[in-house]
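Input: structures, listed below.
Below are two complexes that have chain A in common, paired first with chain B and then with chain C.
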Partner chain A sequence: MTSSYVVAGQEIRAILREKTFILLLVIFIGMTLASTYIGWSSAHTIQSVYDATVSLLMQQGSPIPPPPFAGASHLSLLKNMVIYVVLIGALLAITVGYLMGIRDRRAAVTRIIFSRNITKQQFLGGKVLAMFFALGSILLAAAVVSTVSSMLLSQITFTDLVRIASFYGFSLVYLAGFAFLGLSFALTRKTSTLALVIPIIIWVAITFVLPELTSALYPTASLNPTSLQTDVMPSPVLNAIHRAVYPLSISEQFKIVTERILLLPHQPVVTSGLNYPFWLGYVAVPIWTIACLITSLFAIGRLNPSQAELNE
Partner chain B sequence: MNNALTIAKKEFRDILKSRLLLIIILFMAVITVTSILVSSQVFQSQVSQYNELLNLLKELGKAPAGPAPELFPLNLLRGVIDYIEIIGAVLGILLGYLTISKEKNSKTLNLILTRPVSRTEIVIGKVLGNGAFIALTLLGVGVFSYLGLLVVGGAALNQIELLKLGLVLLLSFAYIMIFFSLTFLLSLRMKTISHALMIAFVIWLAVVLILPQVGDTMDPDNQVPGGFFNSMHLTKPQETQVMANFKNYETMRNSIEQMSITKHYERASFAILGIKEEFNAVPLADIIVRQWVNIALVFGLFAAGLFACGMLMSRRRRGYAFDSGT
Partner chain C sequence: MESNTTKQDYAKGSFIVDTQALTKTYGDFPALKDLELRVLEGEVFGFLGHNGAGKTTTVNILTTLLKPTSGKATVAGCDVVKDGMGVRRQIGYLPESVQLYDGLTANENLEYFARLSGINKPRRRIAEVLDFLHVSYGDKKVSALSRGMRQRIGIAQAIVHGPRIIFLDEPTAGLDPFGVRELRDIILNLNREFGMTIFMNTHLLSEVMQTCSRIGVLSHGKLIYADSLANTLKRFKDEESLEQIYLKIEGNGNNDQ
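Here is the complex of A and B:
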């Protein structure tokens, strides 16, 4: 176990020296701060737009519908964070995993490392510890930024604080999967480019392609924090795809769970026949992370220390 | 010029041998067909819903209030354009990176420069080789789109629609080449070449995903599921009248979106393909006139990128910083 701690300590020190990691971290924290402001500004504007609409309808003598956003949660200010975790957070996690997996291979030190008294499992354990430490620290910092900025712009109760903490906790589980993915490919691929690009392609498939297949959502519509009502019921083909693939659409499952945590309005996909239970996401996301961890275990098992060096 | 063509041929052959790019091309083919399949199924659902409603109204002895859904086949390509915005840019980044990294890693660039080949010819050769590959990929997307629309969507394109598709593919070529030149420049400039790839991905994240997302999120109509104005039962003129009070806010929102070249590409493509409904009935020449700023910006940035690559390469007096790609 001590060997794992040594590896973890070394990884944490190394990642803090990586400029790309720092750049992505700054973007993520910056967008966390911006997301509260964007949420507040949008909420403020939509109220003014509603008032202007009411005034126009009154002048024209038309009936006035109730405000469609009445009863919105205080935490709706953070609705953009759901998207930023899916976009920036996932790429940050891939980068963390990739950098932790590729560094020793680039420095051509894998042979030296395994000539010491350390097993592959201890080596991986150290990397996993460091990964959780790095991602946990980032999300903790984001949680603090979200809480403080929300407190400044809205009234936050103790329950809201618990919800913010739960949101970031669940985000850690989701992001850990991408970090394991980055680590797995960084440990096994022959070139560093392939090791970085394959997890990014998988991320694109999870974030954009699967939601389109399962819920008929256009790729760019997946970036809208206000979930759209989609209807696949009249199409037998889309219904069949939805039934088969929906549990695997991890980014959608993550969004559903976090929308529930933050009390954001959610529009379920209209389907015929089988309707998946609301708790599916609570199970699907951890299973995804565990599956990616198992991939990392296979990757470290396949790693041949004497041939792991990258000659680029 | 012969030297440039020789380099271009070598580039093209190298790309064809790359497994990574093969994976991306296959991925693009799969998502093109997937996207057309989903869009056509959604359209067919709308038609069947309309027909059911029509039958119900007939049974009740009433006439339908709204027009029947009309198929504009190019509208089904919305998902394809979204994917070119995202994956096409990734393809450009990878090609720009690989074309320089292979020379730096194998330390061959200085060797080439010892031969009677000018720096400009090297840039032209690399741009031609990679450009040819991007053009071929987009041609593949075009063929897949045409066949997808015909087989999956059941819609054959007429001559004008084919011309529109061709124009959008040309615009897509310029868009992808912008990311190619950006990474080409970064890879030439940066001492540690793998940082060039990471930084290009960070720029891609900001330009392709974050800026358009921020602009979209700030749209008042996007604040409510199903659309705010829809939920208030407002007509288009009423909506315009209300939003006239929020000109400053809309200007700011629009400015954020306009900082992204992806948004310019998207606006022009959506207009040409009629994905933006108001352009469906507009002649192509008028669409181009109305979208000339967006089109000019995409082609302008493409030309500026190529010019910058040429300038940077020709100004470097000494050899290239050779590192191990770490």
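Here is the complex of A and C:
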């Protein structure tokens, strides 16, 4: 275990000096801040329009519609964060995993490392510890930014704080899967380009392709968690594909779970004939992460320290 | 081809490297064939051979980086397959064309490798090693160092934990004559002052001549010659240079096959 801590310490020190990582970190934190502001700004605009409309309707003696945000969650300001985690958060996680896996191979020090008192499992353990530390720190910083900005722009309760913490905790589980993917391919591919491109292709498939076969039946749902307006029944073939793919559409599962956590308007992504239990996402996302961890275990098992240098 | 004198010496000594019928194949290609190699503790052993002879494969097996297909090898009394960690605790290793982490300083690199070797507070030890190697650029980033400077840091990582034996794979590759001479002095000092056994893969016969106490010649995965340098020079006294001796040994060995 001590060797794992040594590797973890080295990784943390190295990643904090990576310009790519720092850039993505700044973007992520910036978008967290922007998310709250955009949420507040749109709500503020809608409320202003509503207030102006109410004055007009009162002058005309017309009936007044209910306020647009009556009963809405205080955390609705964070609704864009769900999308940011799925998009830029996952890319950040892939980058973290990739950098941690490729660094030793690029520096051609794998032979030296494995001529020391360390097993492959301890080595991977160190990388995983560092990865959780890096992702955890990023999400913690984002959570602080979300909390402070929500406090400034809205009234949040202790329960809301717990929900924010749960949201970022679940995001960590989701993002860890992508980091494991980045790590796995960085440990095994012959070239650094391939090591980065493959997990990005998987990310594209999970984030954009699979939702096309599920929530894209409702075109706005794949981009924004807006309410379903119509209940479209696809063809039997699409129905069958939908039924098979839905549990595997991890980004969709993540969105559903986190929307529940943040008490955002629930957005059913299956037609009424294809109901899956609400807890599916709570199970599917951790399974995804565990599967990616197992991939990393296979990758480290396949790593040949005597031939681990990159072929470029 | 091993002299009687050497056999007698070896009967008395304790081998820090001992291989028995060590074989490694890559698919159908035999990289090592029944290698029987013995190195005494405290000697500077020069392992010679043409490109692709199997020298690096041998070092990879002896440093536990690669598993043999068959046969047995022990380093410092530990089996390389059954007790890999035991071997690792007692060896240092400098691979060919050492690169290290470019973005870290030399000291940070050394600190990492020292900690991986179980040294919890390595700074004092690193300072001692750098002092021994006359290195004053520990605070510089590795990316700013010349090849010769990097090689010294490479040597430092190999000895920072005080191993009994260090394996050097083509340590002079890419160095200028000044760097080669510096490295030669370091190797000799390590051997004389600390009694470290040096196992050196090399092409440079001039370096073998000036540093090694014993040589082994590997050809097509087989050890075709092993003897002390003094005995070798005596036996091939008609030859003008070590280069000619080497070519003759290689020629004889290949004819024997």
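Here, the second predicted complex is superposed on the first by the 272 of 312 C-alpha atoms of A that agree within 3 Å, B and C clash if a C-alpha of one lies under 4 Å from a C-alpha of the other, contacts with A are read in each partner's own complex, and residues count from 1 in each chain.
Assume contacts are C-beta pairs under 8 Å (C-beta built on N, C-alpha and C of every residue); 3 or more make two chains touch, one makes a residue touch a chain.
Just so you know, these numbers come straight off a predicted model, no measurement behind them.
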item: Which superposed partner A:42 touches (first chain B, second chain C, both, neither); value: first
item: First (chain B), second (chain C), both or neither touched by A:166; value: neither
item: Touching partner for A:73 - first (chain B), second (chain C), both, neither; value: neither
item: Dominant toucher of chain A (residue count), chain B or chain C; value: B
item: Which of chain B and chain C A:192 touches, first, second, both or neither; value: first
item: Intersection of chain A interface sets (partners chain B, chain C); value: 107
item: Touching residues (chain side chain C, partner chain A) in the complex; value: 60, 63-66, 85, 88-89, 91-93, 95, 97-104, 108, 112-113, 115-118, 157
item: List of chain A residues in touch with chain B within their complex; value: 19-20, 23-24, 27, 31, 34, 38, 41-43, 45-46, 48-50, 52-53, 56-57, 65, 68-69, 80, 83, 87-88, 91, 95, 106-107, 191-194, 196-198, 200-201, 204-205, 208-209, 212-213, 216, 218-220, 223-229, 231-235, 237-238, 265, 267, 312
item: Residues of chain B touching chain A in the complex; value: 19-20, 23-24, 27, 31, 34-35, 37-38, 41-42, 44-46, 48-49, 78-79, 82-83, 85-87, 90, 94, 97-98, 101, 105, 194-195, 197-199, 201-202, 205-206, 209-210, 212-214, 216-218, 220, 222-226, 228, 231-234, 238, 241-243, 245-246, 249, 266, 324-326
item: In the complex with chain C, residue positions of chain A that touch it; value: 2-3, 6-7, 9-10, 13-14, 17, 103, 107-109, 111-119, 304-306
